[in-house]
Amino acid sequence: MGTVITPAHSSPVTGSQLLPSPTPIRFLDERGNPVDEHQGYQEPDLGLVVEAWRRMVVGRRLDTQCSALTRQGRLAVYPSSRGQEACQVGTVLALGPDDWLFPTYRDTMAILSRGVEAHEALGLLQGTRHCGYDPQKVKVAPQCTPLATHALHAAGLSYACGRLGEPTVALALVGDGATSEGDFHEALNFAAVFRAPTVFLVQNNRYAISVPLARQTAAPTLAHKGIGYGVASEQVDGNDVLAVLAVVQAGVARARAGEGPSLIEAHTYRLEPHTNSDDASRYRDEAEVEAWRQRDPILRLEAWLRRQGALDDTRAKAVAEEAEEAAASLRAALSEPAAPDPLALFDHVYAEPTAPLLRQRAWLEAKMASLSEP
Amino acid sequence: MGTVITPAHSSPVTGSQLLPSPTPIRFLDERGNPVDEHQGYQEPDLGLVVEAWRRMVVGRRLDTQCSALTRQGRLAVYPSSRGQEACQVGTVLALGPDDWLFPTYRDTMAILSRGVEAHEALGLLQGTRHCGYDPQKVKVAPQCTPLATHALHAAGLSYACGRLGEPTVALALVGDGATSEGDFHEALNFAAVFRAPTVFLVQNNRYAISVPLARQTAAPTLAHKGIGYGVASEQVDGNDVLAVLAVVQAGVARARAGEGPSLIEAHTYRLEPHTNSDDASRYRDEAEVEAWRQRDPILRLEAWLRRQGALDDTRAKAVAEEAEEAAASLRAALSEPAAPDPLALFDHVYAEPTAPLLRQRAWLEAKMASLSEP
Amino acid sequence: MPTYTMAQALNRALRDAMEADQKVVVFGEDVGALGGVFRVTDGLAASLGEDRCFDTPLAEAGIVGFAVGMAMRGFRPVVEMQFDAFAYPAFEQVTSHVAKLRNRTAGALSLPLVIRIPYGGGIGAVEHHGDSSEAYYAHTPGLRVVTPGTVADAYSLLRASIECPDPVVFLEPKRRYWARAELELGPGQGEPLGRAAIRRPGRHATVIAYGPMVATAMEAAEAGAEDGWELEVVDLRSLSPLDIETVCASVRRTGRAVVVQEAPTFCGYGAEVAAQVAESCFHYLEAPVARVGGLDIPYPPPALEHHHLPDADRILDAVAGLQWEDAR
Amino acid sequence: MPTYTMAQALNRALRDAMEADQKVVVFGEDVGALGGVFRVTDGLAASLGEDRCFDTPLAEAGIVGFAVGMAMRGFRPVVEMQFDAFAYPAFEQVTSHVAKLRNRTAGALSLPLVIRIPYGGGIGAVEHHGDSSEAYYAHTPGLRVVTPGTVADAYSLLRASIECPDPVVFLEPKRRYWARAELELGPGQGEPLGRAAIRRPGRHATVIAYGPMVATAMEAAEAGAEDGWELEVVDLRSLSPLDIETVCASVRRTGRAVVVQEAPTFCGYGAEVAAQVAESCFHYLEAPVARVGGLDIPYPPPALEHHHLPDADRILDAVAGLQWEDAR
């Protein structure tokens, strides 16, 4: 495990070891060349990296597919995470099967990578359900839209697991913009005070919709917020999946060992607009986007894997085909116009529908019956 | 001006110079002996220190008087600030006449030191008005009870002043407990991003009602929160008025010079219970309180002033008499049972009373008239 | 029979619930060593352990959000907001998560969470310490809103709220904390949630009250009796859902209704009751439903609060205004 | 005559107000370069300057609290909350400060602040993007609550709200942003705040609506006319204060009333209207006041929202239910 640092309580005076590395941890440069900028973090297992690559490739294909599905009206909205594959896949691969993921609307690829079926993962964005999967089964909280609010849930759930003697870690994905919300602050503080096994991973993709990072914070880095809570923090190149794996694994291990929460800032970029209905040309230059395309997490990883001898054309082609199949089956799954049962609207407002809800249900049932009469 | 440090924007990389001094700035030890622990901050002007002492002595007498007045039912509630005189007086003396103070319920001494008449300052706690003074006139915001919410107002007001080209600084007083609230986070962030001339002074008196600091935060110090916003921060011995004056003056000067906000943590202690209706024996030992009595800000200051030749028995007696007179006139001012006009309840809900309010006013007027009939 | 104040009955309910179920945990600001500013959690940390009843950092959204997370892993958190107005920082957590988590997950996640809030005025406290916030919660689907009007209900409704699989906003009428009654408290549960109670039978008019106003309504009925008014007093107990059947059965008998609340009248909870009663009892009503409530002003300084708060006289004035020409 | 969408009319109102008064500043999330997610602030930063219209960090309490501070120093901030549910983090600032600052200081501090909130559903958006939060604000004394139902009102009510010395929660019916109308917009102000408008005269029943439901009520009236119903449509425009005089004058003429809202019905704004109408028009009513509102459920997924939202049919069903035996 790397240098994700000694716990707050052991260093009450200056705590400067809680500060992140001055430059983002990375193993690979933008061309996929190995670099010695990983401050003692260990290079992750090659097999795991290959698996990450596979999921990133499939994930990107599904992301493209989802964007296309919005144009066909099959999804109500889609916030693409193209460009953030290393963050999302690397993070999930660092978790154990009983750990919990707390994702946002942006984190479809993380949810897919967690093993949730595509059509379930897309319940929210399809507009048919608020959450298409069973959180208890897949250990993924419902995707959260009210920004940063779920960070508290992650802290509370992981603390609860600790209380039960379970070695579970909760990982909350948060955007750069969301770090400005009060709930982010309260979540870090609660996790620190209760020494909850939580990892807060900020995907700093440079924008909160149109608002650039400079309008969000004047801090040296977002990772510098950790010390104010006594939370160990780190920054990482979010487009280098080796680095994401290494640093998140360290944070998870630390949490699991009872050393408390950590805050990780992953520097990345959202290559697509905020959602399909956003017009990114209003707030950023194509040149900036192009520069980030050059830092593509998949291209870089492929270059390195080939150099390692862990990837060749045959394998690349096989995974490309797998990705096509996944896209095709996603298309198929969403081709049926989803028809949720309107009467189910009343089923889960409370554990048992109240008398007023039963009256409203009866009214809707009658109305639907009357409309379906010839 | 001391080492309150270069602005965030000039040091985007590690920002470690935004961190506070590793030990609290102080000029005097607990016995009033000068110590060299002030990291280059300049000793404040002796005349100002003497004036601070005078206000602290008078302030403490009024504080004692207020506690007594609660027992006589003249005040609805009184949160004593005994022991925090150096924080409250030192802070106010560091402000210019056009600067704004944003106090909490705890900060009666700060408000008095700002020149507000005692009976006006006590409007809230008397239970007759929400705010007994005219904020615009005295440049003191209404005392704020919802914790940390006023920190945002201070940021907004000082930013507004900057926009108008006014050299006004706003200083918000915040408790240690209040730093846990989301609004504290948002206030520091807004002030930093908009480079507002705001000074946030945390009176860390070790407790939020009964909750000790260790349950509030796992951070090395509360001042360590500054760097996460790119805000220069400092910690100071809050029972050493020289140190408070020096550090707050530096923060105010920094803000006035356009260098942005700062965060100052003043270490102090509340010698009395949270309010008159609190039972502090439930959560802290008398021994702890006694230890802090030994660090009394007034005793220490008097020892030093005498050693400097700036205070003798005559002067001490004169100020003690002044304090008695202030207490007597406070008693007199509050001896009349306050009788606010019930019909004024409707006057300031809106700029003009709405039709429904006029109806309610007429109803109350009629009711009062009928009750006063023989 | 032992006597209890309302605060003691609530304390006992917490203790009994915690002893009955290890998953019940109590947390919030000052609930540990201090026992809460109203002493409702007095002694729980000391006798049941600091992991069962504990202080948190001072952040209400934090408290509620953390509780949501704990409930997701099977705990039954009972959290305290120190005063009504200090629950507002948690409003987003309450409306966007607490009220919706079960619904969002089609029942996969259950949220047995109780948010205790001392509410209402009348204790001589300064601003922000006297708000009546029930309408905000009652208008939010997915929440249950419960408020006891008597000492016995304080115990039984809190027990039932903790047992309830739904999130409950449990509003404690703080000025009744010191009301005292004789009670025999068993280990068992009392009332199910959702039922109003007739506190006093009467045939001339129905006075509908809840929380802090139940005692005031009883006082009015007592005083009214001396003048020959027989007022029926209904204690709603559950604000959401509203037990409209019990209310309407009473109003159909009496033909007249007064709804009492402490909150500012406009768009308050009483409007819902009045609207439903007017709708469901239209042909039984001899007079329009009257509302007695707080003034439409921010909560006043304590020296003036008695002008704001409904008292027995105001209730009786409203009763007298119910078009009595043809009756009595 | 030029035509405007509601979003364009709002944009024009902001621009005109900013040109008329340098103290008017617009800020919030994405209001600068992007022009707001609904483009209501489109072009303001570019043409009036980035100090007049600017983006803030992503924190709603921050936005509102910062605005309070700016207003204390004489600015007239107009802030945008991106969606209804995303105003909840600011709830404490709104209830404990915005609504109270003038009152707390006995008028020494004025708070000319407008909080713009796109609200309501019907645009096919996912959860948390369709809440109708008007009742929370309307129940809070010290706030004015305004909502336009027409394109012309969008302009004139926003201008009047910005001119108003009181804080205004300005609720924009987001599904009407793209409604279009011909308008001649002068520099002057339109309507004063606080007056309801009769949108369509009729004598059989009064349909009382506001915001997104005004167009729906008009549609119902149109459809009803084909069946011989002459429905009078009242557009409340100001929810707080409520212009009950205009409403009651209409109901006294028609003898029947339906109140329409999009929010969950229980304890919603319509309850206040129904309660006041029932109280003030008791002897004129031929039938109880009917309420048509959203279901008492969390806002549903977009595929089901049409079951939740009142439509013209539901309004007409309610009209048909108004005990017509003796009438028409």
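Observations on the structure shown:
To keep things simple, chains are lettered A, B, C and D as they appear, and every chain counts its residues starting from 1.
One rule holds in what follows: a residue touches a chain if its C-beta (ideal position, glycine included) is under 8 Å from a C-beta of that chain, and two chains touch if they have at least 3 such contacts.
This structure is a prediction, so every number in the text was calculated from the model and none was measured.
Note on A-C: across the candidates A-D, B-C or B-D, the interface recurring with over half of the contact pairs conserved by residue number is B-D.
The chain pair with the larger count of C-beta pairs in contact, out of B-C and B-D, is B-D.
Note: centroid distance chain C to chain D, computed from Cα atoms, is 30 Å. As a whole-number value, the distance joining the C-alpha centres of chain A and chain B reads 42 Å. Chain B and chain C, compared by their mean Cα positions, are separated by 36 Å.
Taking the mean of the C-alpha atoms as each chain's centre, chain B and chain D sit 40 Å apart. Within chain D, contacts with two or more other chains are made by residues 56-57, 59, 61-62, 85, 88-89, 92, 96, 100, 103-104, 127-128, 141-142, 242, 266, 296-298.
For chain B, the set of residues that touch two or more other chains comprises 129-130, 146, 180-183, 185-186, 189, 193, 215-217, 349, 356.
Listed in rising order, the residues of chain B touching chain D in the complex are 129-131, 134-137, 141-142, 146, 149, 151-161, 163-164, 170, 182-183, 185-187, 189-190, 193-194, 344, 347-351, 354-356. The part of chain D that touches chain A in the complex is made up of residues 29-30, 32-35, 37, 55-62, 85-86, 88-89, 124-129, 266, 295-298, 300-304, 307-308.
The part of chain A that touches chain D in the complex is made up of residues 76-77, 105, 124-130, 145-147, 177-178, 180-183, 208-211, 215-217, 279, 282-283, 338-340, 342, 345-346, 349, 356-357, 360, 364.
Those residues of chain C that touch chain D in the shared complex are 61, 85, 88-89, 91-92, 95-96, 99-100, 103-104, 127-128, 131, 135-136, 138-139, 141-142, 240, 242, 263-264, 266-272, 274-275, 278-280, 282, 285, 287-291, 296-298.
In the complex of the two chains, the chain B residues touching chain A come out as 8-9, 11-16, 18-19, 22, 180-186, 189, 192-193, 195, 215-220, 224-231, 260.
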